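One chain, chain A, appears in both complexes that follow, with chain B as partner in the first and chain C in the second.
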Partner chain A sequence: MKKNDFILIAGLLLAALAAFGGISWYLAADTQKAEAVVEVDGQEKGRYPLDQDTSVEIQLEDGSYNLLEIKDGRADITEASCPDKICVDHRPVSRRGESLVCLPNKVVVEIENGQEAEVDGMTH
Partner chain B sequence: MKKKYIMSAALLFSALLLAVLSRHSSFGGMQRYEATFLDVFDTVTSITGYAKSEEIFTEQVELLHAKLQRYHQLFDIYHSYEGVHNIKDINDAAGRRPVEADPEVIELLKLGQDMYRRTEGKVNIAYGSVLAVWHEYREAGIENPQNAQLPPADLLGACAEHTDISKLVIDEGAGTVFLEDEEMRLDVGSIGKGFAAQRLAEYAREIGMEHVLFSLGGNVCAVGAKADGTPWRVGIEKPRPEAQGSYVQAVELAGRSLVTSGDYQRYYEVDGRRYCHIIDPETGMPAEFFPSVTVMAEDSGMADAFSTALFVMGQEEGLALVEELEDVEALWVMEDGGIRCSSGFGIDEEE
Partner chain C sequence: MAKKAAYMGMLTALAFVFSYIESLLPINLGIPGVKLGLANLVVIVALYTMGVRAAFTLSLVRIVLAGFTFGSPASMIYSLVGGMLSLAVMAVARKAQVFSATGVSVLGGVSHNVGQIFVAILVMENTSLAYYLPVLVLSGTAAGVLVGILAAVLVKRLKKGIGGY
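Here is the complex of A and B:
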């Protein structure tokens, strides 16, 4: 191999590394934009970035409610008026596509953007 | 000679770039999208798929949604709908007359008859009158936990007299269904979602969706693999009410279905004891062999039926049944948190 070949290969490797770095950075940037999207009966009611701790009371017209807490980059329903409390029992979510659902109140909190989830779906 | 080096360097570069790109969810111009709705089968439906644009995905999902709403109406045992000949109509006419039934309802009931035979009666769609009693007591108990009660044994016993599936008479030529026993009621809860999921998978392919994962209340069905060709990863939920959303095991799924039956999501408590919604037809009481069982099969209807059947059998008895069947595999989560699997379940050992 000639000297030029080394330079070429090193150059290509560097380019690949740069591409890898660029895409990793892009994915990381995605993570920063992770937000919890609140929907009630199919209608979007609000978006809350996961990097800002907050507490949102999702109020329904009939007096029902779900309390959404965002803390340490994770979204969690900590209190609700529904009888089954499945939404409260659900573990906090933080990754793209993960969601918290309250069927009785027709509330869906879904994570958009952010890190890829470990699984694509769940059977229960 | 030099050309060779350049070629191999270029190949190396493309391989690296491809490896990097495949980590990203966009592949071949396809983006990943999700949709959720809450108005079908009284549960959560979620659809994850890939499409060239959000508009295309939304259009496809609307078609799937409409299809599901139709099944929801056809299989409903509590409500009637204008112009729809559903299961409630059949129940309402029990002992009186045959009623017209939608061809897909007839298909579903035939699956029910077949599953009764294949599970030696563990899955019985004619068990509706007993299930209705449990449903009523469970709903009342969830609404008012202080006064939660068990159904009286004599009431359950009386209802159990009217669960003979041979009294379900299907006349395919006339397109009618008749329940010969006036007190008998159909309840297709053990197969309805699975049947709908299977039909939905076929329909998704017809409308050009080749990479879709959908969940009808936890009945998961994978149409094809992900857009990059890798299988979908589906978690089997930890069977504890307070651990919703965590999983005990991830399973790789492509072109197959995964259905779990468990005691931890739909249940009520009486005097501090949990009573789940799946009733063992042998005892008329909720099954309590183990916390959950998950079935993998190509056909979603079969997966749904067998998960119910296995839930009302001891683990060893169930394992023996599964090992006799082709294309049906199962994973049990035991009370101590341990996992048992049939020989072909093929769980991801790296977990």
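Here is the complex of A and C:
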């Protein structure tokens, strides 16, 4: 083996490691921007990053409402005008693909990006 | 001429058998495409002892034979692009005389994997397959070093024993 061979091998290894680091960094940056996407009757009404605590009142034309609270990186509906309160009883969501649904108001809050849930679904 | 034909036939048979052995012993690291590339050993020996044209023919015949006997049309396309790109890079690297057989083999292994990923991206229309590149560059380098060291030993001895061919 010549000296140039070692330079080539070292160069390739460094390039691969750099690319590997770059990709993991890029993917990690991608997953940090978890957002709660609010949809009313299938139309997007707003996006709220999970890393900023906020509370949003989702007002509907007929006067009904849902109160969405984002706290500690999780989204939760804490108050609603609907009769069954299923969305209020739902546990707070934070993982990609999880959602809060209020059927009477046609409101869906879905988490986009962010970390994937460890389980596909749960019931009790 | 007869000697050359016999030598060529022997190398082709060897490359073919190496491909077969490798298909029997899949190294499963959870990542498709990681393999030793034993057949490349024969291609490098041909490149150094018989020249670019012979190595090209050998590689082509080997890929077509292997594709029809224990591969699939799809695997043949991947091998073909990977193999031809690898051979082109190795031929240029050998001409340049910057690297020894090991360096040439490393370049061949890496370019083989890069060529295959490129085809995969085109076929599956999925650019995120490029995320596999670093892993395949690493595995190509490792396999290239092993095959290259072996090839260097073989080339040295074969040149003595067969006297050119």
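As a working rule, the second predicted complex is superposed on the first by the 94 of 124 C-alpha atoms of A that agree within 3 Å, B and C clash if a C-alpha of one lies under 4 Å from a C-alpha of the other, contacts with A are read in each partner's own complex, and residues count from 1 in each chain.
The rule we apply is simple: contacts are C-beta pairs under 8 Å (C-beta built on N, C-alpha and C of every residue); 3 or more make two chains touch, one makes a residue touch a chain.
This structure is a prediction, so every number in the text was calculated from the model and none was measured.
Looking at the shared chain after the overlay, A:G42 reaches chain B, while chain C stays out of its contact range. In the superposition on chain A, contact is made by A:T123 with chain B only, not with chain C. In the superposition on chain A, A:H90 makes contact with chain B only, while chain C stays out of contact range. Chain A has more of its residues touched by B than by the other of chain B and chain C.
After overlaying the two complexes on the shared chain, residue contacts for A:V101 are found with chain B alone; chain C is out of touch. In the superposed model, A:E110 lies in contact with chain B only, and not with chain C.
Contacts of A:F20 after superposition: both chain B and chain C are touched. With the contact threshold set out at the top, residues 1-2, 5, 8-9, 12-13, 15-16, 19-20, 23 of chain A are in contact with chain B in one structure and with chain C in the other. Touching chain C in their complex are the following residues of chain A: 1-2, 4-5, 8-9, 12-13, 15-17, 19-20, 23. Only residues 98-100, 102-103, 106-107, 110, 131, 133-135, 137-138, 141, 145, 148-149, 152 of chain C touch chain A when the two sit together in their complex.
In the complex of the two chains, the chain B residues touching chain A come out as 2, 5-6, 9-10, 12-13, 16-17, 20-21, 23-25, 34, 36-38, 42-44, 46, 48, 142-143, 213, 215, 218-220, 226, 232-237, 241-247, 250, 258-260, 262, 265, 294.
Residues 1-2, 5, 8-9, 12-13, 15-16, 19-20, 23, 26-27, 39, 41-42, 83-84, 86, 89-91, 93, 97-99, 101, 103, 106, 108, 110, 116, 118-124 of chain A touch chain B in their complex.
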